[in-house]
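Below are structures written as structure tokens.
Both complexes below contain chain A, partnered by chain B and then by chain C.
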Partner chain A sequence: MTDATLPTTRPGGLKRLVERYPFLPALVIALVLLALNGFYQPRSVSFIGITGLTKTYLALMMLAIAQTYVVYAGDIDLSAGAIVSLVNVVIVVMMEKMGGSGFSVVAALGLGLATGLACGIVNGVVVAALRLQAIVATFATSIFFTGLALYVMPVAGTPAPAAFWRTYGGRFFEIPFVFYAVVVLAIMLYVLARTRLSTQLLAVGDDAQAAFQSGLPVTRIRIQGYALCGLFAALAAFCVTGDTASGDPLVGGKMTLFSVAAVVLGGSALSGGYGTVIGSIIGALIIGLINSLVFFVGTPSEWQNLVQGLAILLALMAGILVGRRARA
Partner chain B sequence: MTATTQARPPAPSPVLAFLKQPLVVALALIVALLLLGEALSPGFASAQQILRLLIVAALLGIVAAGQNLVILGGREGIDLSVGGVISLSAIIAGNVMNGADSGILPAIVACIIAGGLIGLFNGLGVTLLRIPPLVMTLGMLGVLQGLLVVVRNGIPSGLAAPGLSQFVTRPFLLGLPGIIWLWVAIGLLMAFMLTRTVYGHRIYAIGSNEQAAYMAGVPVKAVRISLFMLSGVFAAIAGICLLGYSGSSFANVGEQYMLPSIIAVVFGGTPLAGGKGGYTGTMAGALLLVILQGILTTVHIDESGRQMVFGATLLLLMLFYGRGRAMRG
Partner chain C sequence: MSKIELRGVSKAYGATLALRRGDLSIDAGEVHVLIGSNGSGKSTLCKILAGSVRPDGGEILIDGKPVTITGPRSARDHGIGIFYQELSLAGHRTVSENICLSDMPVTRAGFVDRDALEARAARYVALFASVAGDGFSADTTVENLRADQRQLVEIMKALATEAPVIIFDEPTSALDRAQVDRFFEILRDLKAEGRSIIFISHRMDEIFAIGDRVTVIRDGETVGTERIADTNPAAVIRLMVGTQDELAPTNGAPHATAVARTFVLTLQNLSGKGFANVSFEVAKGEILGFGGLHGQGQSSVLRAIFGVNPVASGEIVLGGKTYAASNPREAIRRGLAYVSGDRGRDGVISGRPILENVTPIHYLRQKLRLARPAALADRVRPALEALHTKFGGLGHPINSLSGGNQQKIVIARWLIDRPDVLLLDDPTKGIDLSAKTDLFALIRKLAAEGMGIVLYSSEDAELLNNADRILVFNGGSVRRELTGADRTRYNLYQAAYEAA
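Our next item is the complex of A and B:
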């Protein structure tokens, strides 16, 4: 996005690297955190430890990815967590209604993806076509989606069938299922990054007026961004369901703001036009690693939230400062 | 508000222009909603009910005053930390006064200092480190939530002094409790400040064009920091009043005011981009929001239906206000 400017001074090697790969500062922070985790609790960096971390935070990674696509275009989705809740209860109820067989799981997942997509399109239409302000409009839709989730399942607690969570937490050929999921995810993201849509979203976020004048269908692109966000929020809901093995109409609410934090930690600009999906995944990992580190260093339980909050705030600040210095 | 460009479009009739003002729209909607509420459940628009709605609206409106200032200041100004400040202030106030009237004044001082300090940190992060307000205040919210857990673990939840509870819930003057008069006073002060003082003009200046304001000698950073501090102080005051309203503080009482305070500002006709709008509209916006919620609690539908109707109505109402401009080549 920045290549169009005149290269007046040749920036140094490191600076150029960060400009090319905005997620590098996040990667360094994540590696340091990983090393600290290993120092305080050697078993946390073992195969089992990493598997556990992935299993717990795959949902947040998915939701951070979801958020990234709307942030690309300079938008934001405060309903992402509510979509997770809705899809979670929809698939759990569907699987239960159909008897919990293998087929019911597949059918429920299909319905879950459709639900996420529909929510995303609603958000896109409301924000891009009706031109409401993204922050307040997606907050309003989040209330609506939460209402829907409460309608589908008024009280938390319906269990997911064993076929579902055993698969999510299980192993195939000695390798945990979540690692297959990560590989598939990586391929998907690689393909998505090479599609026209990614570039178009970034172009809209960089300068919507310029994108419009060069003939891009800005409204449609933004709606597609929200639709993609809805789909990945559905995937996040699958991970949540696999991890918690039950339905809860309010399960995703707390995840929304963390997904925004993960995107910023990953080096993407909230103003749009600049960012990477990998960065958001690393950002979600950073949040997970901070949470586990605070636990491993033996912080008294009542102090854990405060230390986590401070560490995340500091990481957010550090990431933004380093990123800006690299781009300045 | 109305553009005075050279090539004037056919002048809209003054009546229509008047009717399209956000404040007028909000007031009309308030009256309509009150009538609707009375029709749905008789007694909804009784004096006592309206008084209760006014008190809740005052709580929201006081938070929204700070939010309004931060948003007016532009540069994507927003304060997500108000929820945390309200909860923290309620628990500080409860412990400082601990049920005694003599502790009210020290409690107010302590809460205002705490709120101002939190706002100062937000403002410093936003101006000196140039962290986007959304990120800075989001991070601050996380810190405050953690701090609340620590505080709650060490000390009891505290008690409101009788004087404070009376101030919030008992009639004081002309049958209205003190908190409503406080809200009216804040409204008058805000209107005076925004329209008649240099400081007020500076807020609009940095909100509409920061660069130009800087060139014209406005101390942009100092003004912006002060806006975040005021937001913290207003949230702290709301926290004290909330303690008086509920008697004792409980976990995360403030969080339910965070996003509604932003919506009240938007309903009041201040766009999130900042630089224009005012507080009078925000007061109407807060009333509108509270009455809407009031109607939904009196109507007999499940929680799920209530939330769906609330979300859909919010979207519908937003269509009346500051929609973005269509793209033109």
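Our next item is the complex of A and C:
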């Protein structure tokens, strides 16, 4: 079979496709990883296996989404994980104080969202209005938020009420709760993608000066991006709480850079202006699949981190190569 | 009563006085042309009107009432739209999104109304449908468009403001003839609707084709307004030049070495991206100037000689032997030197010590692999001192120096092992007056010692005062050679502004 017999692979067509759907390379990688997972551990691609994967990595997906909105505008949020920690301890303490009833859960979630939003706005004001470097400023606020979390709950371990994690891990009409969460999330993302804000964030990320000169309120838009990030970080914290069933003032710290990695794996440009939320979700999934694959192939525990790191690096390179080939 | 009036508007960027005293008065239904040489302050004036630059002083009146324009949004509210010279497009967004970016239509539920957005954009895209060329459609992402097509998108974006006053800051610089004609038809329609247009261009023929009045800006100051019907290109150029022609060229006796002119560099019909059929020779001891407006091929030629940009056809002879410019390493070995005004891109090795910034060429020319820092320092110091470079110590990072001193370091790099030909690509960009004086004294001295020098400068005074001969570039080729007493600002402008 020679190249001449392949009339349909117009390079222009592939290029257009990847341009339109920047997450395609990531999707391919995720599917390959899924297949590998299934090869080494057939049960991992069963309904229960997928449910478990979603349950564990829904939080990272949420945080990757959160990160995406700031990355759209060319910013970054290194405090995203700290916000997760803070919201986690805030809601656990609140639910405990109020006795763990259904109402207390709802009230705590409201407070959690408010906390996330407030943290996001603080970040946005510091970065966009006070014009500090996003990397350094959000690193500083991350320490601040972590400090707050440690104040709210000095040691990890306070359990979340059963009403909360039973719901998160439970089923309704035979369908696991997390899948309802995924559907609601999909609707939210669809709605968000159609608002003016998404396009404006991307335009700011493309060229902030041009956006300003075009009459866009650049500072306000960037703050809104951080606010959105805070909200989704709070949602991520709800998932973490549902998954771990307890409060831990340091639980989110290591998630921050995973969220950034997920965004990049998903095909978004850290320089801003280019990317998709779907890509980031797939990126988070890739990280999850790599972690479980490393486990399934039976890597000795002392090697697991190393192999995970290498695999993420490989996935990044594969994504870049596929993307570049397609766009060349 | 004028639609818009500016009185004594000024703006300084740090020590640079970009606009000294901008006066301008625009009537409804006129195309008002702004003209002035590069850096005279036209864009600054436009940006002040468009709200993206806050003025330091002066007054703006709209319909006779004084207004304060606080930002681009506020300018829009005052009925001012603008085409930015450097464009204001989001590269990853589509043509439609860019056209409607500043106020995207939304549905009652708060979502972007894609249908309305596309319908609005389509109106403006349709205006240029006949001339936009291949690959242009409303849903193309802007980064995939050619330069002229991007410029069309920026025009559409400015038109989409539907503002009573629209500023076009060099909208035609990348457009072809047909596109310009179509654009002018549209401008005439706008005029007929009673809208006011501010139009900037360096092309004299365009100015006389479309303008009703012309205002000349010189060194940040409005020097006059004329009705196009009552003036002619020569008069406009005289207004741009002012009385500066009295500052006659000051350098000593040019061509003193003309008796035995040995050519160190000869170009024959060299063509490449951005220039065509360029021929000239540089003699030992001569300073050959490149003049003309920005971006007419001067830098491209120099970079091609130095092997940075590819050469398509033609011949380069260096020291009597033909030379294929393939890469800068080869060029350096063959005795060429290149100093660019774009220090960040071409010169400075950022974050590294001064010593390391001076020595790379020495390593290359001498095929050094190892060297003792003390021995190197002995060679470096005289080179730096020749330029009166101010620096703390050779170990200090280069970024700790001012722009002018950084540039001296970059030049000193070439002085340890003398090249035969020195190519200067607008070398004084952003350096102060005394550094400039030092630099040109040094260049003259190097020439006197037998080096052949090519100097491209965007400042006409530098050229007139330092070059023995001047080649005026326009549209990528040499339009005119000015020698001896012909080297006047008037001649320079005339050749530069002539229809290409």
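By definition in this document, the second predicted complex is superposed on the first by the 312 of 328 C-alpha atoms of A that agree within 3 Å, B and C clash if a C-alpha of one lies under 4 Å from a C-alpha of the other, contacts with A are read in each partner's own complex, and residues count from 1 in each chain.
To be clear about the criterion, a residue touches a chain if its C-beta (ideal position, glycine included) is under 8 Å from a C-beta of that chain, and two chains touch if they have at least 3 such contacts.
Predicted, not measured: the structure shown is a model, and the values here were computed from it.
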| item | value |
| --- | --- |
| Overlay on chain A: chain C relative to chain B, clash or fit | clash |
| Chain B versus chain C as contact partner of A:E19, first or second or both or neither | second |
| Touching partner for A:N305 - first (chain B), second (chain C), both, neither | first |
| First, second, both or neither for A:P154, with chain B first and chain C second | first |
| Which superposed partner A:Q213 touches (first chain B, second chain C, both, neither) | both |
| First, second, both or neither for A:M317, with chain B first and chain C second | first |
| Partner chain in contact with A:R196 - chain B first, chain C second, else both or neither | second |
| First (chain B), second (chain C), both or neither touched by A:G273 | second |
| Touching partner for A:A137 - first (chain B), second (chain C), both, neither | first |
| Dominant contact partner of chain A by residue count, chain C or chain B | B |
| Partner chain(s) touched by A:A262 [first = chain B, second = chain C, both, neither] | neither |
| Chain B region in steric overlap with chain C, selected from 91-99, 109-117 or 199-207 | 199-207 |
| Residues of chain A at both interfaces, chain B in one complex, chain C in the other | 209, 212-213 |
| Chain B partner contacts - residues on chain A that touch it in the complex | 76, 78, 126, 130-133, 135-137, 139-151, 154, 208-209, 212-213, 218-219, 257, 260-261, 264, 270-271, 302-310, 312-313, 316-317, 320-321, 324 |
| Parts of chain C lying in touch with chain A, wherever the complex brings them together | 50, 52, 71-73, 75-76, 82, 84, 87-93, 97, 101-104, 106, 110-112, 141, 157 |
| Interface residues, chain B side, partner chain A - complex | 76, 78, 80, 125, 129-132, 134-136, 138-147, 149-150, 153-154, 259, 262-263, 266, 271-272, 302-312, 314-315, 318-319, 322-327, 329 |
| Complex interface listing, chain A residues touching chain C | 19, 191, 194-196, 199, 202-203, 206-207, 209-217, 273-274 |
